[in-house]
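The following block contains the structure, expressed as structure tokens.
A, B and C label the chains in the order they appear, each numbered from 1.
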Amino acid sequence: MQIRITIIMLTTIILLAACVPARQLEERGVINTRGVDIAEDSSNQIETTIISYQFDAESEEITTTLSGTGHTIKGAREDASTEAGFILSPGQIRLELYGKEAAQKGILPYISSAVRDARVSDTMLLAVTNTSAKEILTEGQGELSLNTGQYLQYLIEKEIEEDSFPSTYLHDFTHIESDVGHDPVMPIIDLVENKPKISGIALFQDDKYVDEISLQEGYLVNLFQNTTTSTPLDISIPIKPFLKYIEKNQDINEDDELHLHVTIERGKSKTKMPNVQDMHFDTTINIDLFLLETSKLMSVDNEHVATLLEKEIEKAFTRQYETLFAKLQKAGTDPFGLGKIYRARQRDSNLTNEEWRKKFPDVTLNVNVNVKLTNYGTIQ
Amino acid sequence: MRKSRKSDSKSIFPLKIEQLKEIITSKFENNTDLSFSTYEHLNKKIAVFYIPFQVTPEKAENLLLKPLLESKVEWTAASILNEIPLSSGKTTTKLEVILEDLINGHVFIYVEDEDAVAFYPMLNIEKRALAKAETESVVIGPQVAFTESLITNLNIIRWRIRSTDLVLEKITIGKRAPREVRLIYLKTIANETDVNTMRQRLQDLEVDETEDSNVLMQYIEDSSTSIFPQFYSTELPDRASYAISKGRVGVLVENSPTAILAPSTFFSFFESTEDLYMRWNAGSFLRILRFFAMLVSVFLTPMYVATITFHYEIIPPQLLVSIGQSRAAVPFPPIFEALFLELMIELLREAGARLPTKVGQTIGIVGGVVVGTAAVQAGVTSNILIIFVTLSALASFTVPSYLMGTAIRTIRFPMIILAGILGIIGIMFGICFILIHLLKLTSLGRPFLTPIYPFRFEDHNKVLIRLPQNFQWKRFASFQPKNLIRFQKRKADKKKDIDE
Amino acid sequence: MDINVKMKSNLRIQAFYLFFIISSIQLGVGIMGAPRIIFIEARQDSWISIIIASIYIVIVLFVMLHILKQYENADILGIQVDIFGKVLGKLLGTVYVIYFAATLLSVLITYIEVVKIFIFPELSSFVMGLLLICLIIYSVLGGLRVIIGVCFLFFILSHWLLLLLIHPALLIDPTHFQPAFQASIAELLKGARATSYTFLGFEILFMVYPFIQNKEKAKMPIFLASFWSAALILFTTVIAIGYFSHEQLGRREWAVLALFKIQRFPFIERFDYIVVAEWMMVIIPNMILLMWGVTYGMKRLYKVPQKTSLYTVSALLLIACTFIDQHFQIQKVINAVEKAGFWIVYVYPFVLLLLVLFKQGWKKRKGDDNNAN
């Protein structure tokens, strides 16, 4: 009995072997990075630039760069594959770059194409480019030994690891984008001397790129939403209160700023809405930090200095939050996710994004920062 | 059904010596080996006959012929037994017994006109000395292995288990060439059903001959079509006696250097007696390592084939690049590449096993190093696959049971084919199929996967991990031994506070 | 046909295994899509719906056990014949058997669809169906002992998947559950009803009950099993609601599978592939139990040898799964099974209990009358 069943099974399997076409790894071009632009020839087509691995014994290069145009992102991929001797496969896309123009028009169509295809990974990174994605991917290659796509991917991953800005994996982006009262952000990649670099953080209104903030502010956005750990940060505070603690014989101007380099060991925030009608939010942020470097030699040898430093850093943070929030309100985008809190507090309402956009400029926010200097290194 | 031997055959005695000679030689036609000599002693004719190379001639002459001819006693069948200073003498009147025992190395003495013949066992069994175990070699613990001599083997077992409970039942198997088989168990511990089942299977067996205990095992196993052995066959006396003392049934076959142990579980094939001799943590580690090795051995190459052929998505990019580059030059699809390499490894193994030890080692080195490197350089295989295939071959040799190791190596091939056809779904199908198959298997009527299924919590201290000996105060409960308790659990150490 | 089943002692099983039978038949293809279906009805309060549904199931299980206790050693087929008479009872028994077969079909085609979407778009339904049916036949041929072994083993071997949900669980956004208690009672009940397909399957208790050796201990494993499957569905639903935004969850067809996409290790990633394959271990116990129900039911009702019905039903299933391969056809089958299951599993036991109790009372009175005379 058993033999018969086994034989029947094996023969049928072998007979039906042809049912799934085999595509071996080396026959595929595994796409690593994809850039999405809107074609310049005003046909409103999508232009993709693809960096894909090619496994060819003959050539030295592991990667190859291709581009194609089409009305859909998959169509553009097909177009690009006409110049490649292998099947372009989207299962390992690690980074997707959106050209500025494309991002301003809204990236949801591209994202939904990625989500619909079960083969595409949810852990791909998203970023916006300051010029066109094509330019970054082709011209950025110049000085790099690694391929641009991989280089950028390591770059962004490292920054996310350090909590420098909110993580921009596809699953985070789609989640935040489709949440009511929460807008996503993305890093902006720019070419500096033919080398790609993260130049700032892009603010999105839903899926549209509207404004840009600095990397430092990117951290503030992240700190507002998430608990951050081990983030290196530069802080500038007025030098005046510290004059007597600073080592003499350095030329100091009273209006100078004291620059500190710190590691934020742990930053945690909590946002409350004491009264729903007021449209007022209170945020408390607790920060533990290590002092690593000061721009002027100074000694932190008594508690007073430490408290003073903490106070000044707190002030600096509050100030930065105020300017940032004003900027956000002006841009009409809410990466802090205040609308989410509002929606959660609101009973019996089906808040929509449009409603929140109308209310957002009237929102007031009070940020209260508590800084704790925990460590000054080996010298006082 | 095996028929019991006819016991009602008539006595052929008394008769003249010439007649006897005629009868016996006629049975041994074309067989010139029979030595039949006649002596005159006190006016009586005495015939002594035996098959020379089956008996020890010096023994026969010194111990039997000398006293026989030098003594002044008047010989009859009865007085031979009485007067000759040898034990184990017997008389018989039946021709069948004479013929059978002639072959079995007995010396027969017939005094003319007596109504019985006396005979003494003087067998000369050519046997090798006890040697180290080869297929199941161990690092620590007893090294000796069973030999081809049943008597020696029984002797070893008896010395290891010096208990009056030990039963060594004798069963003869084979119609054309009968062979002695011993059913060994401890009568106060072994489960009676198991003993009866095994005895029944042995007695019911109707075959012309059994070549070896491994052959016998295949006759009496629960499922003869399965790829997995269901009884454990071992050449280690300590392993056999350990199993028997824990209530299992052992079978020793004449002229076979391996013992059969039953019932066995799937997991017992991955246990080595070494685990018991080691500290419990090291022993448990080794045991888990072996299970892990089995998984590696069965799934590593199929996973490679499946991922390279279909699911490149599940390999992280860094790894993907190195695999892709090593694959780039290979002109075959992964399934053929993998089958080719696996076959090559099997060839090397087989050649190594067949050749004399020294040559085998050389072949191993030549095959492993030279052919492997050459294959990669020639672009026939990728070097990553070489690593995988070698690893999985190595892993399969960690299984203490050679039969199980071979089964595991064989399973790999259908798994590779499934992986090459249907990718990860194929592998999963293979896993499910094997698991269901294992669930269906029984060993001597007992489920093969116990104590996992049927689940027995108390037995888990000796399967995947081996707890310290003090914790093992119960025998393996899944086999329902007659006497479950090995020793009284030591009274919990009195609760003592620190520094008391 | 005997109302009570005479069981050989070597076929009996320990009550302890009921846990694995009930939970492995409840956890099947349903759980992959359950969060979305419940969420559509009850929004962020879905967890309440699941709790309501599981409480209801506990009540149903009580009723089922109570019915079974009225008889010495009977299954649903025997009880129906006892209550409704031979013709109607057998007819209802046939309905049961057909319902089992239909559920089996729905599981089969759903899994084939998932494999096609996630792993092999080009795979033919026939091959996939053939593979699964081979496994079903192979294990059902081993009888109930092997079937329960498969349930037990595959239950253990598939639950490591829960570990992969830790990462998405850490990414839960608590505001997705606020404001809580927004859904109306009607919506909550609708949500609870939406779980019915997922929770289906525990009616197999009606069939395996006569095989239980220590019936007095049967209660505990049964309730634990229904608790466990409810807990798992609750767990996955909560993670899915917290992990996906409301809009996303409303559109994700197989939300639970998508949860596995983000887990990464240095040597392996994209666990959704592995999970879809591993899910075979989740659905096979499911399917073989149903298949056993069909074959055993046919034997009890019409004395058809189990092997005959096994091969026939398998062939029919294979044909059916080859032709039903479009998404909306599959949905239709699932909906039909869900509707039928709702009445057969969630409502009918109450009716049956009333009838059984009525009949018992009537019999007793009659007996008393006889005694009085």
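Note that in this section a contact is a pair of C-beta atoms (placed from the backbone, for glycine too) under 8 Å apart; a residue touches a chain by one contact, two chains touch by 3 or more.
Not measured: the values here are computed from a predicted model.
Trainee: When you take the mean of every protein CA atom shown, which chain's own CA mean is nearest to it?
Mentor: C
Trainee: For the interfaces B-C and A-B, which has the higher count of C-beta pairs in contact?
Mentor: It is B-C, judged by the count of C-beta pairs in contact.
Trainee: Roughly how many whole angstrom separate the Cα centroids of chain A and chain C?
Mentor: Their C-alpha centroids are separated by 43 Å.
Trainee: Approximately how many whole Å separate the CA-defined centres of chain B and chain C?
Mentor: 46
Trainee: From the C-alpha centre of chain A to that of chain B, how far is it in Å?
Mentor: 65
Trainee: What are the residue numbers in chain C that touch two or more other chains?
Mentor: Where chain C meets two or more other chains at a single residue, that happens at 120, 123, 127, 131, 134, 138, 264, 269-270.
Trainee: Where in chain B do residues touch two or more of the other chains?
Mentor: Each of 310, 313, 422-423, 437 in chain B touches at least two other chains.
Trainee: Which chain A residues sit where two or more other chains touch them?
Mentor: Residues 13, 20, 91, 121.
Trainee: For the complex, which residues does chain A have touching chain C?
Mentor: Interface residues on chain A, with respect to chain C: 1, 5, 9, 12-13, 16, 19-21, 91, 118, 121-123, 169, 171, 174-180, 337, 340-341, 343-348.
Trainee: Going by the contact rule set out above, which residues of chain B touch chain A in the complex?
Mentor: Interface residues on the chain B side: 223, 225-226, 307-310, 312-313, 317, 320-321, 323-325, 327-330, 333-335, 379, 414, 417-418, 420-423, 437.
Trainee: Please name which positions on chain A make contact with chain B in the complex.
Mentor: Where chain A meets chain B, its residues are 2-3, 10, 13-14, 17, 20, 22-26, 28, 30, 32, 53, 55-57, 62, 89, 91-92, 94, 119, 121, 150.
Trainee: What residues of chain B sit close enough to touch chain C in their complex?
Mentor: Touching chain C: residues 310-311, 313-316, 319, 422-425, 427-429, 431-433, 435-437, 439-440, 447, 449, 452-455 of chain B.
Trainee: Taking the complex as given, what residues does chain C use to touch chain B?
Mentor: 14, 16, 115, 119-120, 123, 127-128, 131, 134-135, 138-139, 142, 146, 149-150, 152-154, 157, 264-271, 273-274, 277-278, 280-281, 284
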